[in-house]
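Same chain, two partners: chain A is paired with chain B first, then with chain C.
The block that comes next holds the complex of A and B.
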């Protein structure tokens, strides 16, 4: 079928898919059957089947029948979804930059004041939310006092989502952590890097109240926090501007506090120069950074779970790059032969 | 509440929008266009509301009119300057006096340049140069072999990369060969950056798939 052309099967297939989805939704929410869990053996067989079918596509390409773009999308989707239900674990090696960040946190004493800045929105949650959850777990277990804020409007809401999830776990329920004493959310403040600049003078000038409108001075955790000199460590989660770069340039270099950062993979390469020069203590880069952070702190969560999908999908992408190049070479060779014939 | 009706409505709405965006992979269609328009509209609306309540209401209205004089900071009257500049910016919508909107823009550019002039130079130039020309064998000649190699790579990469961007001299001879080495370093950097970008996009896809199969359909734990 030509791409873009309508098929007479489209409507029946759509109706079948919607019906099946409704049945699965009702059945699973009513718990008529359990979760889909693929054993290690079955997972291996499925992976071999995918590998075999990719070889078949390569052979078809060599025969002059390249696969369409929808086939690539389908394979990537399968490579992402299948590992989510597999009962396999991937060994995760902790890189020096993650190790450095962890050592920085480990060196802090009980009761240390940590400024957690959330500069991202739901679009980057897949990469940064696992880092946030792991950070909160580690911070609360070590008895750190966590001060949350955001230079992105949705940042503090993302922090609250991570907090709600972590605090609902039995391990943290029994700690009876108190808002305003053990942690506080100062909310969002507009002004980008100028907010950091003003916070260097006085936090209160930028955050006269917290996220809920409670006056700054009535919150015990921050009552004695005037500016960055009263902060022991800063942990920034960033997905762009304003983010880690602004915190380094305007915050770390001017006011001299220690900072570790978790970044989306896209911007991680741009942050490495700051790591080498010591302006950043450590970096968590993308989903692999989140998984490594979970590995080193021993709080295994979604970062670790997603890494199998990440690895499998990367292998599929690499194989399709090879197949694409084979198809290109075949096409070029065919064209050269045709030219020769014409000549 | 997790089991409430609104929870199910929210799940279906999120799934409908997610699948609508994915449907573009099959073919451009109305469903995709509707979802795209909703996304753009909600994003713009969210930012407008967030800035309205944060700036106009909380800072200006409450700061100038509601807060008692005794509770105001010393420089509260600066808010009038901010409000005036904001109004001037809106004059862009009136063609006859639209040129006035350049004043607040000039203020923003000037203030940002002023803030960054020193910080950029200190952080992005001086500290980075200092890091590039660090002693190859370590400060006390005790650097491990991987660090020595790293120091050499950074120094050579920076130097040859800069040569590549020096267009006042023709890239020939030894100069041209150094520029070629610079291109290799640039390509490796772009490759690493692209690899991270692929990982980032895959992460987003994994996030949505996790939502569809874990939160929505509850098929995967």
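The block that comes next holds the complex of A and C.
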């Protein structure tokens, strides 16, 4: 029965998704989204309406009609999509761990060699790509020499996406940054921790050529880089294994270079022991970390823009958990009363 | 013989890596590099093995017309498309503006992001249905979750702006992350590390043989 119901919905849902995608595609190219900006007043009215409807759901729950999961999906969608058009601003407070990372970067001299490792795929790009873009902007403005690599196959491609975006900005176009001189992408190498281990001896052993197949020694930026001892700082963006933990355990502990990291929100909690012990200089946690990094570097971008959606969706989830608990308490009370009656 | 050789390789590689950590000089560093290179080669082959296995399983699914075989067709078509486009562009496949790059940016990347984005809906739904204050510990977890969820976003400070400094949601969330969370994570890390040490020793000494398969 369940499978039958699923099959009945599959085609209409597919048509709806394709139609919506086409509409968004046309709207984006026709720049319709520019007209969809909601003023601060209208945004507040909409937020009050959403809040009112959540109170109504709470009242219905108290009456014994709890909301179904589709209602939760709808509210999460509204909480994520609606704020994208709102012209509301929020004050972003910078946490100590982001501040620490920034101070670590600030202490580097002009022309410092920075190893940027991209260990994530497009699935985590929403959280990590804004960090990557901000990092590149900061690095290029400070004149750092950026060496990119990845322990995930998709990592170097993600780095290229961020690079393309940053380098297309007028501010960086005029700098005439040169590939192989100011930055280089060494690409992906399989082998997880063993790649880090081997790089401790010689980078070239793991990356005889760069991402485009250019021999290692013909690239001026890395010609004199033998191993980690020639690197001033390492910045890791990671979404899992292999990632920050492996870089700390195999790289930082064994070869002693300085490292800061940007992680997905779920991964960040596990990195705090390394932060507190000083093995990590600083950490950017999830999209809020990206927004804080943008705030402290003054390069406001996607992280800052999406924080309103994140704020809104967190509140919605918290409210639904409260509603769920209200329903649970009512159910438990009802059961206890029934038991008493039976007794 | 079929079991002895893998056991010997495991034992020697394990001992070499342990010794190399404490004595990173000749000959141990040379052996360590040698094993690391082999690991990279084996890992690269494993990627191919995984891809071919996916191809084989999808073909079997289509042949047997098992449930969801249509998705297997899409898997194979996409797999072949990426492979053919990638190979047809030779060494330049990864450069910006190539067909492979276009497929990565406009097909793979949005699809992968969409799959991850769906998680937000399931997490919200699961939290609504399962995150209950059933007992003291669960209530404590629930309160901590509320504080972190609201404290990690700017709206947290807006909601707790009336509180005295040090008691605002962002500061409470930072405190939870830096102290109770770190303490808990450390305990977990120490436990995991001890487990890894013991199971590694069992592997190196040949006591643990389940990875060889069979009995």
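Note that in this section the second predicted complex is superposed on the first by the 302 of 343 C-alpha atoms of A that agree within 3 Å, B and C clash if a C-alpha of one lies under 4 Å from a C-alpha of the other, contacts with A are read in each partner's own complex, and residues count from 1 in each chain.
The rule is simple: a contact is a pair of C-beta atoms (placed from the backbone, for glycine too) under 8 Å apart; a residue touches a chain by one contact, two chains touch by 3 or more.
Just so it is clear, the model here is predicted, and its values are computed rather than measured.
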| item | value |
| --- | --- |
| Which of chain B and chain C A:73 touches, first, second, both or neither | both |
| Which of chain B and chain C A:230 touches, first, second, both or neither | neither |
| Comparison of chain B and chain C by chain A residues contacted | C |
| First, second, both or neither for A:248, with chain B first and chain C second | first |
| Partner chain(s) touched by A:156 [first = chain B, second = chain C, both, neither] | second |
| Chain B versus chain C as contact partner of A:25, first or second or both or neither | first |
| Partner chain in contact with A:99 - chain B first, chain C second, else both or neither | neither |
| First, second, both or neither for A:273, with chain B first and chain C second | both |
| A:320 touches, of chain B and chain C: first, second, both or neither? | second |
| Touched partner set for A:190, first chain B, second chain C, both or neither | both |
| Contacts on chain A seen with chain B and repeated with chain C across the two complexes | 3, 73, 76-77, 80, 123-126, 153-154, 189-190, 194, 197, 205, 254, 265, 268-269, 273, 276, 285-286, 288, 310, 313-314, 317 |
| Chain A-touching residues of chain C, taken from the complex the two chains share | 21, 29, 32-33, 35-37, 39-40, 43-44, 46-47, 67, 91-92, 94-96, 101, 104-105, 108-110, 112-113, 115-117, 120-121, 123-125, 127-129, 131-133, 142, 145-146, 149-150, 152-158, 170, 174, 177-178, 181-182, 185-186, 189 |
| Residues of chain B touching chain A in the complex | 8, 25-28, 46-47, 50-51, 54-55, 73, 111-112, 115-116, 119-120, 122-124, 127-128, 130-131, 154, 189, 192-193, 196-200, 202-210, 213-214, 216-221 |
| Residues of chain A touching chain B in the complex | 3-4, 21, 24-25, 28-29, 35-37, 70, 73, 76-77, 80-81, 84-85, 123-127, 153-154, 188-190, 193-194, 197, 205, 248-250, 253-254, 264-266, 268-269, 273, 276-279, 285-288, 302, 306, 309-310, 313-314, 317 |
| Chain C-facing residues of chain A, complex | 3, 67, 69, 72-73, 75-77, 80, 90-93, 95-96, 121-126, 153-154, 156-157, 160-161, 164, 187, 189-192, 194-195, 197-198, 201, 205-206, 211-213, 254, 265, 268-270, 272-273, 275-276, 285-286, 288, 291, 307, 310-318, 320-321, 323-325, 328-329 |
